[in-house]
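Got some structures for you, see below.
Below are two complexes that have chain A in common, paired first with chain B and then with chain C.
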Partner chain A sequence: MFYREAGIFKTSYAADQALFRIPIDKLFVIGLIAFAFIVIPMIGNEYWLGSILIPTLILSIAALGLNILTGYCGQLSLGTGAFMAAGAFMAYKFATNLEGMPIILVILLGGLSAAAIGVAFGLPSLRIKGFYLAVTTLAAQFFLLWLFQKVPWFVNYSMSGVPTAPPREAFGFLVTGAEASPTARYIFVLGFTVVLGLLASNLVRGRIGRMWMAIRDMDIAAELIGIKPLQTKLSAFAVSSFYCGVAGALWSFCYINTVEASAFDINRSFTVLFMVIIGGLGSILGAFLGAFFIFLLPIFLNSAPGWFGLSIASETIAHVEFMTFGALIVFFLIVEPAGLARLWGITKEKLRLWPFPY
Partner chain B sequence: MTLPFEVWFFFEVVLNGLFTGTMYSLVALGFVLIFKASGVFNFAQGIMVLFAALNFVGFIEMGLHPLLAGAITVAIMIALAYAVEGLVLRHLVNQAPIILFMSTIGIAFFLEGFGEFIWGGDVHALDVGIPNGAWFVGDMMIQQFDVSQAIIAAVLVAALAAFFTYTRIGRALRAVADDHQAALSVGIPLNQIWVIVWAVAGIVALVAGIIWGARLGVQFSLSIIALKALPVLILGGFTSVPGAIIGGLIIGTGEKLAEIYGAPAFEELVKATTGVDSISFGGVEEWFAYVLAMIFLFFRPQGLFGDRIIERV
Partner chain C sequence: MAEPTGVEASDRTFGEVVLKMDSIEVGFGGVTAIDNVSFDVRRGEILAIIGPNGAGKSSMLNCINGFYKPRSGSITFKGKTMKAMDPHYAASNGIARTFQNIALFRGMSTLDNLMTGRVLKMKKNFLWQCLYWGPAQKEELENRAYVEKVIDFLDIQAIRRTPVGRLPYGLQKRVELGRALAMEPDILLLDEPMAGMNVEEKQDMSRFILDLNEEFGTTIVLIEHDMGVVMDISDRVVVLDYGRKIADGTPAEVRANKNVIDAYLGVPHED
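Presenting the complex of A and B:
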């Protein structure tokens, strides 16, 4: 009744191919972005902004990156954490060695460095497919983290080996480092998330996105109709690693405030992979839904017993958390293998007919 | 004999690597069994090693005889196989491989939490009476522990090979591994076969868990070492039992050699060329296996003994 396409007439090709073809979609997204930029900083407290929204938004960027590679181009990767680390460490080098470089540029350069590294580790994808490729991306995961830990050049020969993120300003506000206010950091991260999210949704419905999907669906057939596997796969690795690199740089600069390899270990890679699968492979919306679901679930499980007046040892909670997490993943895969994004799609279908379903 | 000490030391390193390799092979074996029979890439194999060892050590600490504890643990692993088939795999028939892979990661998380929920997260010492002395051949030291472990692994592989070759179930398993549909059409019940391979993989995990637990203590890091079975697998080929064994030996030896000889040589090189004197490249073991496997796959994408990958449009 409220959500329908009937009566919306498109009079140009541009309107027909617009990002949001239904006005209510457009209004909803604009409203959501406005809400996130204006209302949330006013009502959110330090805990919500600093410990929940900032990391979730950053992980959404990483999930977008992995979704481009795995969901759209069909190349399974278990090395997300390493590409995030590459972004974080290279951004740190740019920030400290080139004083006065704008912080936005620093983070983008971190992402570009990660993209270059991603292309190097994407090269095997030309010969290797499926799970074989997944295991070779583990090489990136273990080798890169080892490299960042062992070579002191990456941390400017700091004694502790764990340097703090340098404080930098953007538009007159301090946005990185421990002294920056959570609100400023939140707005900064949100800006990146919105821009990269819109960029991703435009990329995947354009020429390059269709090339990725053709390779995913059947690479030999795609090659026969003139899509070059080399450029297509490597471009997916590059874009994906760029997103992961930006996410890693933001994680170090705006969330944990230190540049350390242990923040990007194999578990980080798996968390992001879970987000992509639970959210929905090959869906931009899914990356966001998955990031929120996977990041908030442990927090919910941790605090839920407290609401009912139960007190359980924290160690037991950690174990139960693991069990619930594992069981929920299996449950979701059985009920809806296409993920949360598909559930949202079903809801939209229902809304279209509501209140007169047939 | 009159060989110089360095040569003996080299032999010792190689031998050490081979012994480590047999451990990787044991975990990789479990992967191969499940992958061949059901096409599921079972990420939970590493956790199954930990889970089996936790149960075993838990029952022993309760005062049970090791044999009885072993028997109960085997029963638990078989029950686990039934649970995995009935609760997870049965509902995911015909899904994409990545979905099945993800579901085994879910199983891994669940088992990790479940095992530690019941038995606690501490490090458990495990002593099953494997002799712990050392022999000397020339200047080379051989740990008796390593030798017994290699013998156990060899016996296990021989038993599995006999099981696959001479029993009715073994023949059915090989048929399923060859061609699912053909096996179904001659009346082999697929679901039952899956339960059997998961149970066998569980028992292999128990053996690996006991040996590793006796060496390192039963603790969570066992499951991380078990990740090393993945490069072993792709080196040997996903579908090949001999591949899993030879892959394990190559990786075990390679990473020990890289750690003992490669890293110091590289350190010297870096110090000589850049003048930096406080640099250390220890810990090459962490990633060497993966990089070796990656380079190897460039030249042979299906691994050493894997089935040739033929693609049709």
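Presenting the complex of A and C:
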């Protein structure tokens, strides 16, 4: 995307406040969305759609959610997995107990239930901050997973304890469960990703987004401006958990096709946190960059040696993978907390002035 | 020739008492930061609070907008008497402030900092905001237009999109004033707005304060250590020393007050 930002002047505040302040950015995003909806299903094979793009998109939604809470509102959470699980299990309850309910509504209700649970666990955030709040969310992680595992009601007393996701149709296509085609599931998940991505960008550039950031940057000044700290933090917990809940429901219904707590353990929370850190705290673009980066890096590491005719043992690659992630996380935390999204911004800033840097 | 300013100041007429601080006492553990201080603020005046370091000036502003709760005493604001101010009540009833140590939202741009000052003016609900459409967009643009007026007033057009953390100190102070102005305050509390500034920046800031007061009738309570500035711009001066009020009057009266001279020259207390 080599274009220049210079020479574009806004003539109204409406244009200046727009989501994409540069027309070509808007074209690029529309083009990308069209490409994802039309071209990718045609060229992508079952492996790419089913095993790479679907989980990446779903985790982008979770990363959006965590970024709203941690990146925008400054409340560190290690409970992402638990809120995803809440979405998955509640969506399962809605889907199985209310047979005729449209699947889109089922997923959204899963998200709303997760939002309610998120708000409950967000209550301590009025009194405790930072590390201690992270510990509280960690408690949510362990408590909720334990609850979903131990209480058979959540899985409709299924014998195995691991029920399969019920098959459901949207717009005449089977979109959930093992029988659904990867293409249909991919389009379904993509639809959620695009809509939730756009809604999140709208939220963070409006009044509520500024309230979140104000609380993050200087809570005392925010309060004296008239922002209510508890309400604002809880709204971030609600929106964030809603996103995580939708992601969890999609994970169970469209990716792993089973509803099980072990899919949402503490590792899941950390993966999403790393996505947000590497992609960029406080950036919508960053949530996507981070998710794709974390998913694609291992694939790249696995196939790269082959391109040079090298063969490296898979354990070695696994080690390299861990080391690379570790190094990157340390790098981004220390050098560039705004992550890949910021690096992208810097590149654009340089390009804007190119070739005359003065 | 100090006379002309004195005369000019006394020519100015002020409205009713908008804020009355009555026998305020503030303490932290064993420390008494403010000891039985009373004063009032009239609509449209510029009131300076001065005093040596640790005199309790900032604590007093913190009481006015509800960040500190006095141990005893009462606050009467726009006719309503209360034991302590509530921060949200203060903000929604026209009290805005700046801080001694800049308290901007560092990760946000100048524009967003100022727009954040408008949160209480924006009422559209969450669902409209998700869509950023219809009433929410209209509201956003109306508030943006107001914020642009503040930006023009403070002459900070060039740094609209700059994250405030990257701005030099003097500009940060100006943006912080802008954020307070975006709230359309009736009373503006300024805690050392000119600290750490060079002479030109101080002149600019004094100009802004006087213009605000004249053009919009904003009542201003400011803390300032630069006596030249205080004497120049304020209508009335309250002097605190060790948490007590030792003088209250026009700049000329205060300058001639023996207690004030002693406090500033560091004459030991007799009591």
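The definition used in the following text is that the second predicted complex is superposed on the first by the 321 of 358 C-alpha atoms of A that agree within 3 Å, B and C clash if a C-alpha of one lies under 4 Å from a C-alpha of the other, contacts with A are read in each partner's own complex, and residues count from 1 in each chain.
Definition applied: contacts are C-beta pairs under 8 Å (C-beta built on N, C-alpha and C of every residue); 3 or more make two chains touch, one makes a residue touch a chain.
What you see is a predicted model; the values in this text were computed from it and never measured.
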{"item": "First, second, both or neither for A:Phe270, with chain B first and chain C second", "value": "first"}
{"item": "Partner chain in contact with A:Met211 - chain B first, chain C second, else both or neither", "value": "second"}
{"item": "Which superposed partner A:Val151 touches (first chain B, second chain C, both, neither)", "value": "first"}
{"item": "Partner contacting more residues of chain A (chain B vs chain C)", "value": "B"}
{"item": "Which of chain B and chain C A:Leu199 touches, first, second, both or neither", "value": "second"}
{"item": "Which superposed partner A:Ala139 touches (first chain B, second chain C, both, neither)", "value": "first"}
{"item": "Chain B versus chain C as contact partner of A:Leu224, first or second or both or neither", "value": "both"}
{"item": "Touching partner for A:Tyr13 - first (chain B), second (chain C), both, neither", "value": "second"}
{"item": "Chain B versus chain C as contact partner of A:Val320, first or second or both or neither", "value": "first"}
{"item": "Touched partner set for A:Leu32, first chain B, second chain C, both or neither", "value": "neither"}
{"item": "Touching both chain B and chain C, residues of chain A", "value": "218, 220-221, 224"}
{"item": "Chain A contact footprint on chain C (complex, rising order)", "value": "65-67, 87-88, 90-92, 96-97, 99, 103-108, 112, 115-117, 119-120, 122, 124, 126, 129-132, 136-137, 140-141, 144-145, 148, 179, 183"}
{"item": "For the chain B and chain A complex, residues of the former touching the latter", "value": "41, 87-88, 91-92, 95-99, 101-103, 105-114, 116-117, 121, 227, 230-231, 233-234, 238, 276, 278-284, 286-287, 290-291, 293-294, 297-298, 301-303, 309, 311, 313"}
{"item": "Contact footprint of chain C on chain A as seen in their complex", "value": "13-14, 16-17, 19, 199, 202-203, 205-208, 210-211, 213-214, 216-218, 220-228, 235, 282"}
{"item": "In the complex with chain B, residue positions of chain A that touch it", "value": "70, 76, 124, 127-132, 135-136, 138-139, 141-143, 146, 150-152, 218, 220-221, 224, 266, 270, 273-274, 277, 281, 315-316, 318-330, 333-334, 337"}
